[in-house]
């Protein structure tokens, strides 16, 4: 039953062919069996899952169930879950039992989704390989030597290995799309402000956005229906009329203009990835889309400015971890300074500390204009590039990541090299646009993702294009061999 | 742009992060690499360009002035490292 | 050398909202520690700020009241520093684009008016409190106050003495209370002041090195602290020493300032726009609609009092110091029309004396404006003399009853019956033959003595005007 899609499971539950408890137990069994190899979960919530499943079965019986009622699900460990460990994969929060639920968690509960557990991730979502987790690296189910991508690596790995039908992720510079690509699943980073950030532990507030990860665009659409929407508790949340994200899935692609930025197909792109992307684009062409070459000239600057902006915001966002009110506190602090320095020095991992320090430096007196302000100016140029492109095309397509999954340890000690693996995903966060990654093939059993970028609030269009592609291909239905 | 060990110490201090003395050269190297990489920004003339602090051109939305929160001190303090008499305890604050 | 003192003041006025600047927790004073610190105030992971509309409205009102610019767009920024009473490790404040820009306040010093520039006023959240009672060598942190809205009002360095500084503060204090945007309670910290103090040789224009004085929680301490600091700086410079730019705490017990030991190193606040909050946009329409909601402000009220009630500038200033006092006065005047000076004298005299004696403010007065008005009416209709009125006023203060009932009960009606007064005068003259002889031989000063004796014998009830007239006739024989 774990190879079925969410709509299929939903139908089976609604028709009483399957109970949520059976289904949930099945997934819990799979987690028990496979998680030790993958390390995709930090916390598995067996008891809570079964209790929620029982409740879901009641609703299914009495006819008050919604389309997602009783379907197992997992949350990235960056979302606060009341009464459960919410660690952000950091030693700093390894003892943090959240006293409240994130809006996204609340919405999933309301929709009737059953929580299987909390998934592993890069510490505080800082990383592209899931190697910075305090709980150890996550493995890619397609190849246990390979990274799953990051930072939502646990969610991607768990969905890919079918330890859960879907999961939440967060995306600050590609953290939903890149692991989705590397693990062969479909993941959507929504328009900034579409999904509430309340209760989602902040990395870089002006870039962070939560979103759904699943096998197919159709499932992603169903999940987005549950989690999107205005939240008065998030000042950056957008007030908009509710949208049914699955309504346009079946539109045909006749006349759809797809822009191919030449900067996304140049130096640094693995030729084998290029080939698979071209094949996928031909498939879309056959479905009626038109391919247009476009330019996003400021793309090369996206990664450098991202590391200034994201680091600056994170240096401030992570100041609250001081060992006073919650979280890690060092042993026997000598004085206040010692309390701060050792709690933070011991509680944060190397990558987090690097970024805090870069951000602190970029904001400090005498450097602000040269770094932070300059980066924010270039950010506008990057955003303008997209605005111009969307005057000519409906969506933009290209690779999600320049290479398939790399090996564990391969880039771990070279931060800059690691950062460059996000070159195609970062511009989207800077501009706040929606983008989706979907699987379009394998290179030596390692998946490759196609990235589709939409204009603001263009989620229905992105999901439509991805769904039409998935109607014609099977890549999203594959399960890694040993799972 | 390359950072000296002294600068690394100063930044670490500002960020309240203890780092081992042996780790300082390593940090200096890593951070310098990142800053060197970031230098590319300077190729672009950005004079007259409005900084973009936020992805969308939205404006602040305010809440009405109402007390909506109740006391949850006990719940919040059960996850605190050290509390007494309802207060969070820290090493002596000197003014 | 002659030195000139240069003072700029930073006032933190706590805005009188019900809930905090960015959360729905209560701002009420005096709750048990940390019971009014919600998820957002505690800076828990994942929480987000949402701006309080009322705080914005209050800041705009203040901007309008000081003829400042309230720009269409202002921005919240983070001020980053570590301190245990600052839960997020940053304070949400405004930096480059504050909500109020460039205003002014008029003060009066020895009847001379002076305009003090206000550079800016910005919204920011307050920090919590560190309690230094001994918890086995540790400090306790109470975050109830964390997130309370503050309006930080920054003056230009236009003030030239401690006296001017206090006059400015009192004026500002009066203004925020008029606007009803701050309760102005200095003891509870709702109105706090830091002073930037420097000196320079008289006649020069460059600013000297300044020190920032903190912990100034009464008008008296502010004046003393500034005076102490000025003397200290003069002594240093005259000894050929330099002034350190630093923050100094005022110690009221020792009446001295001393350098603060913490928060000093590396004051690099790394301000940047808060990415959790979007730019605050205030429309001209919003401001236009706000103007009619402003109360009559102290200066306008003072001018009106001088014009309509023909009061002196001094009287008008005193009576308009607080909105409540002015309202009280106007209520008395409206009941006793045509006698504003009498009303003013009573409000500023006997009433204020009793209020001061009992450390009460006008809203806590034991005598209502209506009661005082009734009393004044009895003076005006000659039922009682001014002297009796003073006794009565004390009785009214002590809640012994309404003026008319007291007059009745104690038989305090003024004696205006000519025959009765005649009798008393005759008696006095009879009892003092020597004084009479002296008077008649030219010692006219003794007239006062006779008046006093008559009043005494009448227990103060004889109408003084009549006493004067009849006495004159009789003494001249």
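As written, the chain order gives the labels A, B and C, with residue 1 at the start of each chain.
Note that a contact is a pair of C-beta atoms (placed from the backbone, for glycine too) under 8 Å apart; a residue touches a chain by one contact, two chains touch by 3 or more.
Here the structure is a predicted model, which is why all the values come from computation and not from measurement.
Chemist: Mind having a look at which chain is the central one, using mean CA positions?
Modeler: B
Chemist: Higher C-beta contact count, B-C or A-B?
Modeler: By number of C-beta pairs in contact, A-B is the larger.
Chemist: Could you put a whole-Å number on the gap between the CA centroids of chain A and chain C?
Modeler: Comparing mean C-alpha positions, chain C is 57 Å from chain A.
Chemist: Rounded to the nearest whole Å, what is the centre-to-centre distance of chain B and chain C, using the mean of the C-alpha atoms as each centre?
Modeler: Result: the chain centres lie 40 Å from each other.
Chemist: Taking the mean of the CA coordinates per chain, how far is chain A from chain B in Å?
Modeler: The mean C-alpha positions of chain A and chain B differ by 23 Å.
Chemist: Which positions in chain B touch two or more other chains at once?
Modeler: Where chain B meets two or more other chains at a single residue, that happens at 13-14, 16, 53-54, 58, 60-61, 63, 72, 76, 82, 88, 90-94.
Chemist: Among all residues of chain C, which ones touch two or more of the remaining chains?
Modeler: Residues 39, 42, 44, 50-51, 82, 84, 141, 268, 270, 275, 277-278 of chain C each touch two or more of the other chains.
Chemist: Where does chain A touch two or more other chains at once, residue-wise?
Modeler: 96, 99, 206, 232, 235-236, 315, 319, 322, 324-326, 336, 340, 360, 364 - these are the residues of chain A that touch more than one other chain.
Chemist: Along chain A, where are the residues that touch chain C in the complex?
Modeler: Going by the criterion above, the answer is residues 79-80, 86, 88, 93, 96, 98-100, 102, 197-202, 204-206, 232-236, 312-313, 315-316, 318-322, 324-326, 336, 340, 360, 363-365, 368, 372.
Chemist: Which stretch or stretches of chain C touch chain B in the complex?
Modeler: Chain C reaches chain B through residues 17-19, 23-26, 32-39, 42, 44, 50-56, 75, 82-85, 130-132, 135, 137-143, 249, 260-262, 266, 268, 270, 273, 275, 277-281.
Chemist: Can you tell me which positions in chain B touch chain A when the two form their complex?
Modeler: 3, 7-8, 11-19, 27, 30-31, 33-35, 37-44, 46, 49-56, 58, 60-61, 63, 72, 75-76, 79-82, 88, 90-94
Chemist: Which residues, counting only chain C, touch chain A once they are in their complex?
Modeler: Where chain C meets chain A, its residues are 39, 42-51, 78, 80, 82, 84, 87-90, 141, 268, 270-272, 275-278.
Chemist: Would you mind writing out the residues of chain A in touch with chain B in their complex?
Modeler: That would be residues 95-97, 99, 192-193, 206-207, 232, 235-236, 238-239, 298, 300-301, 303-305, 307-308, 315, 319, 322-327, 329, 333-342, 344-346, 348, 353-354, 356-358, 360-361, 364, 371, 373-381, 383, 415-416, 419, 429-433, 456 of chain A.
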